[in-house]
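First the structure, then my questions, so here it is.
Letters A, B, C and D name the chains as they come in the text, with residue numbers starting at 1 for each one.
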Amino acid sequence: MIEFYHVYKQYIKNQFAISDISISIEKGEFIFLTGASGAGKSTFLKMIYKEEVPSRGQILINSMNLNLLPDNKLYKLRRDIGIVFQDFKLLENRTIYENVAIPLIARNEKKAIVDKMVINALTLVGLTHRRNYFPTHVSGGEQQRVAIARAIVGNPKIIIADEPTGNLDTELSINIIKIFERININGITVLIATHDNNILKLFPKRILRLDKGMLVSDIGIGGIS
Amino acid sequence: MIEFYHVYKQYIKNQFAISDISISIEKGEFIFLTGASGAGKSTFLKMIYKEEVPSRGQILINSMNLNLLPDNKLYKLRRDIGIVFQDFKLLENRTIYENVAIPLIARNEKKAIVDKMVINALTLVGLTHRRNYFPTHVSGGEQQRVAIARAIVGNPKIIIADEPTGNLDTELSINIIKIFERININGITVLIATHDNNILKLFPKRILRLDKGMLVSDIGIGGIS
Amino acid sequence: MNLLKTAIINSIINIMRNKVINILSLGIIAFTLLIFGIFNYLSLNIENFTQNFSKNIVAIFYFNEGVEKKLIDDLTKRLENNVLVDSVTYFSENQSEIQFTREFPELKYILNEFKSSPFPSSIELKFKEKKKNTKITSLIEEIGKLSIVESKQVNLDWAEKITTLSRFITIAGIFLSGILIFISIFIIFNIIKINIYYRKEEISILRLVGATDWYIRIPFLIEGGILGFFGSIFASIILFTLLKLIPIYARSVIELSKGVLSFDFIPTSIFIRLIILGTSIGFFSSLFSIRKFLKN
Amino acid sequence: MNLLKTAIINSIINIMRNKVINILSLGIIAFTLLIFGIFNYLSLNIENFTQNFSKNIVAIFYFNEGVEKKLIDDLTKRLENNVLVDSVTYFSENQSEIQFTREFPELKYILNEFKSSPFPSSIELKFKEKKKNTKITSLIEEIGKLSIVESKQVNLDWAEKITTLSRFITIAGIFLSGILIFISIFIIFNIIKINIYYRKEEISILRLVGATDWYIRIPFLIEGGILGFFGSIFASIILFTLLKLIPIYARSVIELSKGVLSFDFIPTSIFIRLIILGTSIGFFSSLFSIRKFLKN
């Protein structure tokens, strides 16, 4: 489903944010991506939904080579991927409800369906009571949960979450990961970048560990780094 | 140094983000503020540097009543407080060096002093090699450390940090808290909002626990909730 | 149709959301178009005004002695059919004499000494209003060259200058209107560019969550169109009000007679032009401005 | 002084940082001022142009029969000292006769029958250029009312219209310049407001880390001033170029003689006005725009 072939990423000459990564992720896998701050986790994820392009190497999503994907077809890729951004990327001038609805509206879904799905997603993250608030009017953790709701609302085939629990307390973090687990059961691939060892311990999954852009370990289900 | 007298905060009618908090924090204390997402931690901190004003009650900082502080004297309060914002609040169009230098330049410090102090702060958070990068060009954890560097650069009397380790791995988180501890030794009051139980366990300090805006526990040094 | 309706409603909601910037844009667009409108109106009206002078031109043609009356009648008839000509008055030799006495009453008695009138016969040509001076001038030249005409007398001294002025204003008008259209487009284009630039984050987020380019583009196009449309409506209202107010003011100050400056002449074409211009500038500015944000 | 220098340098760096929005602002400010400049120039020049007509006015005053030559000489002298008057030519009765024969050659032989000239004596008045027609008109009226003057003959028909036009253009010019100053200020003000609005986050962050209001304000003021200054410099350059180009173009098309339209008349006061206006608008717009962001 997600395949990296000798992928390198240099933002700046001779500094590799990602260095020679080859990896294959199957449909329905649940994967944690870990590593120190600046190890390249976000960069790795960004290349999957083509916010960044590799400096070298190939990435295939569903057997489609991203290097060959034209800009005006990008939306097709992104509709299959639900993304929780590390910095949330919420629209300040739209309510939480509207923020979560965006991926559906962008897909031209009917109003009734949008309504049902948005409320569903907000219920999962426990934020229905905040649906008419604007993002700047809720707490950091609440914003993060809005971002999570938006990522899962459109029934994507892949979910990518970049430190989705950075602003959440342990209890809530576990709940969120459990939501991802539940989604994963339906065959949806889940990829979570996290630095929370607690979570890595509590949820025994495949763990990819990055260090200075290199994939230093790839431990299968049940393994703990 | 920091005194709250029956402080309430309502953003929205009949919804208390902070509810009847009275508390006193002495000079040189090191305090963790904890509680679930949406408990009111950020609101509590924002009222200290008057980004938000209480709906009811009085706040005294250094015996100065914030309600009586006019807008054009606010800067005096804020120069005494170093703040790590939950959402970093870095200026995108300035380099990391420049971002960290702002509090000093706003104080009209000499160039040589600015230079020394900025490099100092960046060294503490391990980011000297990124000093000429723009915030959007570094990782989430690096951004957070820039925010920390900016908070400590001006030798403030109080340091307020809102989830300063949300984007950092455990090792780095511990390092950062250690930096705050070192600063605290010099008599600087430190107030950190965090949901990281790990840290609460590792650093035995006074812990304020909020729940739905209320102060539900205030455990002294050595206590663990 | 229904899709367009919701799109328009959403655009209006969106405009409301970004109130500050959009009200500013609207204001600037309105004023840019207003300036354009004023200029346009002015050049139209001055042109119109200078053409009014045509009715003040009087040309007198003196005929050779003994010219057959029939030839003169033919000429008169031909001239009366000319679109430029308002009236042709024939003065026989005697009538010329009468006129002479009217102009030089002191010399009346001289004429008593003649048996027949010593004056040549003549025609006096007056012109219709709102005719181009250039055309009138060339008609006068043409008649002057006829073999039966001995000499002509025309008060073209001022008329020529007015013609020059009129020509100049027309050319300057075209020139300046060109510049102003360009400037209007430039300003509005850039206002909308700022507007979009200001929302580049929104665009990038929309792209990241899987919106198609057209999904992103259409609201901006509609918003651009709406801004342009309402901008031009405001401009039209202000222009109209000004045009109603200026004459009242002007007349009270310089006692303009209605006849001289026909300020009541407010061509609706200006407003139509403004609205079409405004709306399409808004629309196309959005179309072009948004392009660069739809890369990657 | 040194502080100001660093402040200006920092402002320029800042302008460079927000290139897109600032270049747009600069462009819009420049063009707004350009339009203002064009209008200002136009009203100055048209006024100037209409005043040129004064030298084409000719007034002839016929005296009563037997008026003492001394009285006429007195009048002539008085008129010669008048600032409006270019020349006064006296025609004795005989000279009037000569003129008559020149105008009506067919009638020359009539005059042979008289012993003394049957014509009244007269003076012909010509006027200097660039004089106000209103003043000339009232001078003519005044002379016409003198008891020694029997009648007058003036080619004021066109002149009066030109006067009306000139008066109208002056008033319209004041009116429109007023509107345009207002519009320029409005546009520039709002551009800078957008500019500041666009950076409201920066302002709020600066306040949160302890910057004083003046620390925040000063760069914006200087930036506003710089934008206004360079905007007006650009506007001046473009205006100057236009004013150099238009006459060349205009002359080639409508064969304007230099004398008629003195387009070479480019008053430097326009540029000075533009630069002062631009800089101060930039400065004060910033001052007022930033206020609302310095609350809390």
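Rule of thumb we're sticking to: contacts are C-beta pairs under 8 Å (C-beta built on N, C-alpha and C of every residue); 3 or more make two chains touch, one makes a residue touch a chain.
In this text, all values refer to a predicted model and were calculated from it rather than measured experimentally.
Counted as hops between touching chains, the shortest connection from chain B to chain D is 1. Distances between chain centres, each the mean of the C-alpha atoms, put B farthest from chain C. Centre-to-centre separation of chain A and chain C, using mean CA positions: 63 Å.
Rounded to whole angstrom, the centroid-to-centroid distance between chain A and chain B, based on C-alpha atoms, equals 29 Å. Distance between chain centres (mean CA atoms), chain A to chain D: 67 Å. Taking each chain's centre as the average of its CA atoms, chain C and chain D sit 22 Å apart. Among the residues of chain B, none is in touch with two or more other chains. Annotation for chain D: no residues touch two or more other chains. Contacts between chains close into a ring here, every chain touching precisely two others. Every pair of chains meeting the touch criterion is listed here: A-B, A-C, B-D, C-D. Taken in their complex, chain A has these residues touching chain B: 11, 34-38, 41-43, 86-87, 137-142, 144-145, 162-163, 166-172, 195-198. Within the complex formed with chain D, the residues of chain B that make contact are 49-51, 71-72, 74-76, 78-79, 81, 83, 85, 89-91, 93-94, 102-103, 106-108, 150, 154. Across the complex, chain B is touched by residues 17-18, 201-202, 205-213, 215, 294-296 of chain D. Residues of chain C touching chain D in their complex: 20-21, 24, 27-28, 31-32, 34-35, 38, 42, 49, 53, 56, 106-107, 109-110, 113-114, 118-120, 155, 157-159, 161-162, 164-165, 167-168, 171-172, 175-176, 179-180, 183, 186-187, 190-191, 193-194, 197-198, 242, 246, 249-250, 253-254, 256, 260-261.
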